[in-house]
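Both of the next two complexes hold chain A, though its partner changes from chain B to chain C.
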Partner chain A sequence: MAAFLIRRLIGAVLVCLAVTFIVFIIFILVPGGGKRGTAERIAGKNATPELVTSVEHKWGFDRPIYVQYAKMIQQMFSNKLVSYTSQQNVLSQIVQGMPATFSLTIGAGIIWLSFGILVGVISAVTAGRLSDRVITVLALIGISMPVFWLGIVTRYYLAEGGVTTLFPDGEYVGILSNPLQWFWHLLLPWLVLAVLFIGFYGRVLRGNILDAINEDYVRTAKAKGLNPRRIMIKHVLRTSLIPIVTLFGLDFAGVLGGGAILTETVFDLHGVGQYAAQSINNFDLPPIMGVTMYGAFFIVVFSVLVDLFYAYLDPRIRPT
Partner chain B sequence: MAERLLDVEGLSVQFATEDGLVRAVDGVSFELERGQVLGIVGESGSGKSVTAMTIMGLTRGVNARFEGSVHYQGKDLLQISDTEMQDYRGNEIGMIFQDPMTSLNPVYRVGEQIVEAIQAHEDVDKRSARRRSVELLRQVGIPNPETRVDDFPHQFSGGMRQRAMIAMALSCNPAILIADEPTTALDVTIQAQIVELIGRLKDDFNSAVIMITHDLGVVADIADEILVMYAGRVVERASTRDLFYDPQMPYTWGLLGSIPRLDRPRPERLYSIEGAPPSLINMPKGCKFRPRCPHAFDKCMEEPRLEQRVEAAGHLDRCWLDVEYKRAHRDAMISGESTEAA
Partner chain C sequence: MAQPATESQFTLDTAAELAAEEHGTQIRGRSPWYLAWRRLRRNKVALAFLVLFFLVLAACLLAPVYADHVAHTGQNTPHVLDTVDVNGQQVSVVSNGGFLNVHTGKSCETTGNTADCKLFSAIPIAPQWFNANGKFVLGADSIGRDVAVRLLYGGRVSLQVGIISSAICVVLAVILALLAGYFGGWIDFIITRFFDLFYAFPVVLLGIALGAALAINGVHWNLGLFKLNVNGGSIWIPTAVISYVLIPYVGRPLRGQVLSLREKEFIEAAIAQGASPLRIMFSELLPNVMSSVLVFFTLIIANNIVLEAALSFLGAGVQPPTPSWGTLISDGQDLIVTRPWLSLAPGIAIVLTVLSLNVFGDGLRDALDPRAKVRVEH
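Here is the complex of A and B:
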């Protein structure tokens, strides 16, 4: 067990470093990136070539790539990573965005997981009947609707300034300053973000349940004379939910790590995802590196957690 | 007179499928008495498993249609509700299945699964249910049952899992144990142990056994009576002794011929019945075995009834052939010397 954890943690550090390296290389290679492009942007619109060159030298863009990369990693770990454009400390910006991102993720995660399971169970239990077909159609619509479109439409029809004024129009209110407003402001983003996952989880779970119902051990459970509810919960759902755990762990980590860029931006939540979007817009490498590292951290940590939980759920893969 | 436990009368099971109505079981009748072992033998698709599953109420569904009756101690199990049926499953009739590798739930401990079966029918606390599980595992021959009770199924070998399945099926002391191909997925050496175990436990628990198999050899030692099924029908029914010494259906000869035997000269190769069982949607006219029967003649276009045609009481079959003709010619087919009709 300890050996497993140590192995996974070493792997996690390597993955994070590899991810930052790849992002760094991409930034150097894309048009407009690299030393010249960045220096030109920092120097301003009407800068002379001499000024650009001096910026290049001053910011260290003329040093070899591996030196620049090492320096950036060093800055990242000593909390000296600073945005090229706004000159603000990257870590403090991320920390500022975390309450909104965490609130969005946790709320939406609870909604999408519980409704995803509900939808999957209902459509599996009524497979082939009308309710299953209706749910299937709704789920496919939910999966196919782009978040930015759904977000804008709900804002237009439901939020302040639009057709009706049922909900406030975006923005994040701290949970500590006003819990009620916090909830009220996040409700639409939660639902919009959850819709996609509900449809997807529902479809996956439906398939898993229908497979599990035909397993021999379910027949055994029936032959024991158990009641159908117990068979469903203890024997069918228990095994059907195992793959959902993996999905949820990684999706949750992705959104927590700033992956809900569209939702955060559409509803102007000022979370980590929106910060990432702005930084990408501005071709601003240090925040991109910072957010990438932050996101990779959550993915890596949650994949370890998922593995541990997996072993708990399925005794066959437990180390003995 | 032994106590009559089960009375199956004209049981037919049909399933509506996209291709048409499948007649899986057609007019099957038999009785089972306490202490008796009944063997049901036939190829895949002969309806033997569906018969057993129907007794357990496991074939119920929107697409299934039933006729006839299955009386268990006077109650027709085909007529009672699903909820009532739960009280019979596991409690009055226990069942074990073909593949012990997949019949136990991989995520629960073996003991938990037995405890679950006990608690489904009896109001006992977990500790005493667990104590009984240990005792049951001991009875079915699991070594160190006190510790193995907490193992997961994947920590058991195939034979041990089947033993655990038997322990689970017997946990509520059912009057009838249905074993659906209990040895098919096991090694030959383990097969004999499991059959022997079922026979012994039948006496210990004072129950009756329905043993379903495609292998006559498996039931030869243990069964009192044997039903041979083909295309959903019983084609021959006799005491085990009569069936082995005076088999009447050419189909039964084929089954007998496909068992390797040490007491006869070894044939070039084991006999195998030509062709495949008929489609259950489009049955052949007349005797269902006719298209594969080397002895078929014109009368076989008319389906024979299941009735007594030989001297021995209770020996029924569905074959038009003359009894003396059959007695003269069957040995060739059984011993595999020739597959041609003489």
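Here is the complex of A and C:
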């Protein structure tokens, strides 16, 4: 186990290093434009020539590429990354947005996992019948809808300030200040974010279950005369759920590390994603750099944790 | 009647002759593609949705015809000060604002901000359907542009970005998968690590990062002989960004397929015949993964249309004033209380297009993968 842990950690550190290279390439190398152009981009839309010159010097755009990279890393890790448009420290803004992002993602994750499994099981058990067809159609419509559009439409039709007043109108309420309002304000965003994943998970699980039903061990269990419900839960569902858990780990980390950006923006939740979205509208690059890099780091760390959990559950994974 | 043949003379050709005379038909060679087509032909739902997709495509391609001959306006022509003839009455395209009920969108009798009534500065004309001789069928936006015209032109942009980016994505993913799967060793190692690395980024975030970085000033490279200048507003920027981010999602499963095909006897035979690696990759391995590539291509177009809309909605994709379904939703969001159709219409267009591609893609996979038959029969 210790060897596996060390190998996995070294791998994670290498990936994090590569992530910093990619952020450097995306934001500084690919757009090009020379030292002045790069500095203008980082300094923001309404920067004065003096500010551009100071950014050019501070980020080392007048120096060789490896110095530029080192300067970027230095700013990222010494908590000195600032937005030149709003003069705010990027990391502190990200930390401020974290409770909203975590609340949104965890709640939506619970909903999409439980409903995804429910939908998948129902449609597999009733495969070919009407309920299966209806679920399949709904799931396909669900995965075909852009999440932000669904958010805009449901907010308009279901939340305060629109046609009806079933739900409160967006905004995040801290869980500590008022847990009931926290739940009430997040319910609609949770459901909207979960819809796409429910459809997707339901379809994957349906396929897995229908594959598993054809396996020999299920036939054996049937031949032994076991109760069909017991076969479904103990034999079929158990194996069918493994890929779903893997998917959930990936998707959950992805949504947490930045995928929730659209839902947060539509419902005005003031999370990390909305911070990034606002920065895009202001053509303010440093916050986007920060969110991209920290988001990717988070996903790497999270995937290490998921792997460790797996290795703990299933010893066969360890040697690989 | 053909002479009854003795066993030694009986070949497949005589069998075909016999069959031809008995039923008046011929036995044709049936390629896997033909068999797949026969299966697909029976799947009426998938074909219906394919037709739907082509209808959307045709409507968007005919956008200039609609703009010139029905709506008589351009995609970016504002009509702030104009009036339009509605059933014989002159109605201004963008009327002065006023107090509107936020629940119904109708004007309030009282003035002053209350819980139900809010002040709106300018109110564009509502959807006229067919009352204004084809003008403003879906209404106008805040500066009086015809939304129906922009919806069709926006569809052209969205579909163009979606289809071209998917084509680039699939071609690059196939090349990488063939290289990794065929050569193995350190080439495989580097390519799989590259795929893994991009799994560490959330897709939307990676697209946003690239799109935002590039949209500000465009791309300007000047490396001696190689000069590249793309403006920030060019739709080639979102196309390139979107094509790039999904490569691992296609490349990884394809690499797995190539890896197992590579061990098959026919590849061994090709190597023994002295076929070059290029020949083996493109005329032996590629045809065997082609069915997967086709399915991926369909599903990735659907995915990329949504991704384009998301990036444009956030301001990191197609830049205004160029319309695309994503920018139209974003524009319509501000006016949703008074004119919900501004954001409903492009959203419905996306859902129909993406749904048609998803359903057809599923049907295509069932048709190309005979094992799927087992699954459906349950």
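A few remarks follow.
By definition in this document, the second predicted complex is superposed on the first by the 269 of 320 C-alpha atoms of A that agree within 3 Å, B and C clash if a C-alpha of one lies under 4 Å from a C-alpha of the other, contacts with A are read in each partner's own complex, and residues count from 1 in each chain.
Simple rule for what comes next: a contact is a pair of C-beta atoms (placed from the backbone, for glycine too) under 8 Å apart; a residue touches a chain by one contact, two chains touch by 3 or more.
Here the structure is a predicted model, which means the values were calculated and not measured.
Steric overlap between chain B and chain C is absent once the structures are superposed on chain A; the two fit side by side. In the superposition on chain A, contact of A:Lys224 is made with chain B only, not with chain C.
In the superposed model, A:Gly60 makes contact with neither chain B nor chain C.
In the superposition on chain A, contact of A:Gly174 is made with neither chain B nor chain C. With both structures placed on the common chain, the touch criterion links A:Glu215 to chain B but leaves chain C unconnected. In the superposition on chain A, the chain among chain B and chain C reaching more residues of chain A is C. Between the Cα centres of chain B and chain C, as seen from that of chain A, there is an angle of 80°, stated in steps of 10.
Chain B and chain C never share a C-alpha pair closer than 9 Å once the two structures are laid over each other. Of the residues of chain A, not a single one touches chain B in one of the two structures and chain C in the other. Within the complex formed with chain B, the chain A residues making contact are 215-217, 219-228, 234-235, 238-239, 313-316. Those residues of chain C that touch chain A in the complex are listed here as 102-104, 196-197, 199-206, 208-210, 212-214, 216-222, 228, 302, 306, 309-310, 313-316, 326, 329, 333, 336-337, 340, 343-344, 346-347, 350-351, 354-355, 358-359, 362, 374-376, 378. Listed in rising order, the residues of chain B touching chain A in the complex are 56, 58, 82-83, 86-91, 94-95, 97, 99, 102-108, 116-117, 120-121, 152, 154, 165, 168-169. For chain A in complex with chain C, the residues that touch the partner chain are 15, 18-19, 22-23, 26-27, 30-34, 37, 40-41, 127-128, 140-141, 143-149, 152-153, 156, 161-164, 207, 210-211, 213-214, 250, 254-255, 257-259, 261-262, 265, 276-277, 279-281, 283, 285, 288-289, 291-292, 295-296, 299-300, 303.
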